[in-house]
Amino acid sequence: MKTAFLGLGRMGQGMAHRLVEAGHDLNVFDLYPEQAKSLVEAGATLSPSIAEAIVDSDAIITMLPSDGVLEAVVTSAGGLLESMQEGMTHVMMGTHGIGIVRKLTTLHTEAKQVFVAGHVLGRPDLAATGQLTIVPAGPTDTVERLQPIFDVLGKQTVVVGTDPQSSTAVKIANNFVLGAAIETMGEAMSLVRKLGVDAKLFHKILTNGLFGAPAYEVYGKMIAEEAWDSIGATAIIGLKDMNLALEAAEAAQVPLPSAAIFRDRLLGAIAHGEGELDWAVAAREQARGSGLE
Amino acid sequence: MKTAFLGLGRMGQGMAHRLVEAGHDLNVFDLYPEQAKSLVEAGATLSPSIAEAIVDSDAIITMLPSDGVLEAVVTSAGGLLESMQEGMTHVMMGTHGIGIVRKLTTLHTEAKQVFVAGHVLGRPDLAATGQLTIVPAGPTDTVERLQPIFDVLGKQTVVVGTDPQSSTAVKIANNFVLGAAIETMGEAMSLVRKLGVDAKLFHKILTNGLFGAPAYEVYGKMIAEEAWDSIGATAIIGLKDMNLALEAAEAAQVPLPSAAIFRDRLLGAIAHGEGELDWAVAAREQARGSGLE
Amino acid sequence: MKTAFLGLGRMGQGMAHRLVEAGHDLNVFDLYPEQAKSLVEAGATLSPSIAEAIVDSDAIITMLPSDGVLEAVVTSAGGLLESMQEGMTHVMMGTHGIGIVRKLTTLHTEAKQVFVAGHVLGRPDLAATGQLTIVPAGPTDTVERLQPIFDVLGKQTVVVGTDPQSSTAVKIANNFVLGAAIETMGEAMSLVRKLGVDAKLFHKILTNGLFGAPAYEVYGKMIAEEAWDSIGATAIIGLKDMNLALEAAEAAQVPLPSAAIFRDRLLGAIAHGEGELDWAVAAREQARGSGLE
Amino acid sequence: MKTAFLGLGRMGQGMAHRLVEAGHDLNVFDLYPEQAKSLVEAGATLSPSIAEAIVDSDAIITMLPSDGVLEAVVTSAGGLLESMQEGMTHVMMGTHGIGIVRKLTTLHTEAKQVFVAGHVLGRPDLAATGQLTIVPAGPTDTVERLQPIFDVLGKQTVVVGTDPQSSTAVKIANNFVLGAAIETMGEAMSLVRKLGVDAKLFHKILTNGLFGAPAYEVYGKMIAEEAWDSIGATAIIGLKDMNLALEAAEAAQVPLPSAAIFRDRLLGAIAHGEGELDWAVAAREQARGSGLE
């Protein structure tokens, strides 16, 4: 398939490499063209503008760092809305909020363009190896048509609905469940530590019991070992994720107290200068509030 | 070993059967002697009083339904405190709070008796098949001496400390982590449902991803299918567990906001007449508060 | 009226003095008889036992420091339940929980004795000057008969129901509203301080505006001036009050998240060694969690 | 003083009338010129554009309905940033968030224009009668120069700082304290009602005691009487206020759990179709969650 790929950050580069290596005819674009270097070497074409990147594309994938950049890429002069022909397809794969997704759904639909949200679960290492889980939502026939792309990028695809916001909901809710698990482990470990139990031992019991899953294995270990420096997502990124959850909760009119708690915890950690540590550092803020530090 | 077993409820019967079948010389006692029927048939001796049950015991196991009953069994006239000789060992295995555990630790120690908390993780079906996880805490030599008993009752033993309250902390914290996971799943599923996602599909994504553990598999399924009738622990028992967590948190001086949230959620469910349904019904209360019912 | 007064702590002494000075025929009792010295000088009679104190009493007032002491005074051998004749009246005026109040209501009623809860709003200084607000609940005719006593002790009496627990509800809810106001002021003052506003100035604006009431004037000033040493009620007493609120909330099946938050805040303060400072020190814990200290 | 007034909604009209009646030379502008009718009759001049409205102004007051409109008025082509000469003063008096205030502070400063935040406490009826409380923050000499304007608009002026965001902090925190008081009253009234106490009676006790202030008198009455139809601010506006509080809390790095609770409560009310009722309807959502409806 002829594919355009806009946004060559860490996630984007890994995904674009998968596509070019799988034989897709790939045009790439980034505000910083030097990001495209290794992709061009691998066979992709670097386009000087969005408009040129998307010519004749079967799919235009965006993997952008923020709602603001995404909105600019779509609505600016020379952006997608202006440049896409009727019937062309924008597949948004970055992490974005319900508000912008609803807005783009309306705009693309009004312009008779097709919009699919194809959020992914997984970090750059999984992106680079095609091990993502992809949870697309959009018009059924388009989503089916995109399956070869998803097959290259992910280990599994679960279609979650026909309205793009359904994909966004799954992405955001998954991150929320993870954040709440980190909060809970932090609280529990402060509790057992103050009652004489080694946190690593408690972690072993948890994960040998009802909680033998990566969320608890990876983050529980980090918390038990106070290894905040091995950074996956920072506290500041975690805060952004919780804000996305709370924005979605407002849009859906769903009280979400566990997200509010973890958001406050991350704010406390950031207030103590720990915003650039892994978001598991929330557990340290919990320990501090319990008089453990 | 010569063992006395006090308290023949569902958990206690399963555990006592394991012991008698493994060849332990077992005296049993319950306020309701008819509870002992099948154990006597299996070879146990029914004692008419606590005092007689514990004569010459190497270990006296209690598996009692509440802090109040436990306190009565230990401190009443004719109870353990009066009847145990110096050096004898009380192994408390039921679910109890930090307050009573601290109190019994003091009382037994003053009486030169030995006190071990040997809390178990797992429900009656695991108790009956010896698949419990046992997390004992107490004097090291005693805990080692009790290992043959633990080997019969559990699939693994993790010694968590030398102070009995450490065992209690692990038991209570494990239940708290489970309760918080139920709360979080309830919140997340209300969120995705209101944004067009099928709850069962979301559950599949969660458990195929970072949350492939029994806590999320079993309870997530129950929530996604709204199957509150397949009762493990009821909302009222869950409330008791959260109260134990909050009591422990107060004793340890640890703020525990996630426990408070789930406690409030369970209270709301109980206020709506759902106290006797499975505690996963908390998710229904969340859905109701989100305007879903 | 012939009145017995049991419990001569700070509140009790002030109240008992009011009664004896108003001409009541007063028998007093306390586990520590030396507490009665100034009352005896003022004309009260010190009784050596509960049984003797209450002989022929028109009203037996208890002003006791905890649920445990109250329960002992009522249910022990030689206690009120045994000693009161049918038709005699126990007026409980101390701060106690819904659980014990419900229990005593049942016990006294079964014994054909009369039980009134006559909780008071106000501290020892108001007790000593008869400026309390009294919120009794109990059988209507008895409450009316007790009015002369309430007139001596308080500046106003508001009868809140016929079931004693209604009085307890008002007492506990009033303390809860106060605690939540302290929490809120603490949060707000951390917020404005970090955005460049002097806390005293903010306090002035609040109390000149919608919040010109003693709760905000007194506690807001304490928080703005960080004057935790001018102790009214300590953080530990405040924690007890919040626990009473949460116990009542459970009995009534009412989620009470604001009480849970303030309870956690007080726990944090206590964990930082501030349990004996005024409960307004909760605001310091909030400031600490915001990185202000 | 020669004054420009941009934004003639309910608050703006009342304030502009005060100024023209006090003899100020007033140019007014609104996207909907018909809003200016009565002001023109009173002597104000209706300008066809922002640029013309502000010519030679000593002060340019904005009273705009949202952050988005404010940003457009300042940064659009022909907006304030372009049209104001160096040294001219923009006095922002509407309710806006910390983010936009920080942004405008930077933009105006870079353009060598003066920016003052002059938030007001009080509703349209107080605006129309000059009874507002004004809490300005900005360069000291400018704020002093503006005092004659503040004297016409408000009954008192409290200068809260030299950085505009300090004014915003006070405005937002004041609303937050009010929201939290509503939440607390709702919780307390559900509690006492379920324990047999009439809500109106409890309200009387509160306001005769430590809570005799307008916030508790007005909103407590509304809650006790379930009079959600006498609308001051709606639940949807209240949600906006809580979002402003949470945005400020994030900017200041201050955990604000009481705001999160009230936000969730309002969301629940909105989910039940009550978004256009007075924000005190949050108490009804609390009652519903307690099984009272």
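Should a chain be cited, it is by its letter among A, B, C and D, assigned in written order, with residues numbered from 1 in that chain.
As a convention for this text, a residue touches a chain if its C-beta (ideal position, glycine included) is under 8 Å from a C-beta of that chain, and two chains touch if they have at least 3 such contacts.
Keep in mind that this is a model prediction, so the values were computed, not measured.
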{"item": "Longest centre-to-centre distance from chain A, chain (CA-based)", "value": "C"}
{"item": "Chain pair with the higher count of C-beta pairs in contact (C-D, B-D)", "value": "C-D"}
{"item": "Separation of mean Cα positions, chain D and chain A [Å, integer]", "value": "36"}
{"item": "Intercentroid distance (Cα basis), chain D paired with chain B, Å", "value": "53"}
{"item": "Where chain C and chain D are represented by their mean Cα positions, the distance between them in whole Å", "value": "39"}
{"item": "Multi-chain contact residues (two or more partners), chain B", "value": "249, 253-257, 261, 268, 271, 289-291"}
{"item": "Residue ranges of chain C touching chain A (in the complex, touch as defined)", "value": "257, 268, 271-273, 285, 289-291"}
{"item": "List of chain C residues in touch with chain B within their complex", "value": "239, 243, 246, 249-250, 253-257, 260-261, 263-265, 267-268, 270-271"}
{"item": "Of chain A, residues touching chain B in the complex", "value": "98, 121, 133, 135, 137, 156, 158, 160-163, 165-166, 168-170, 172-174, 176-178, 180-181, 183-185, 187-188, 190-192, 194-198, 201-202, 204-216, 245, 248-249, 251-259, 261, 286, 289-291"}
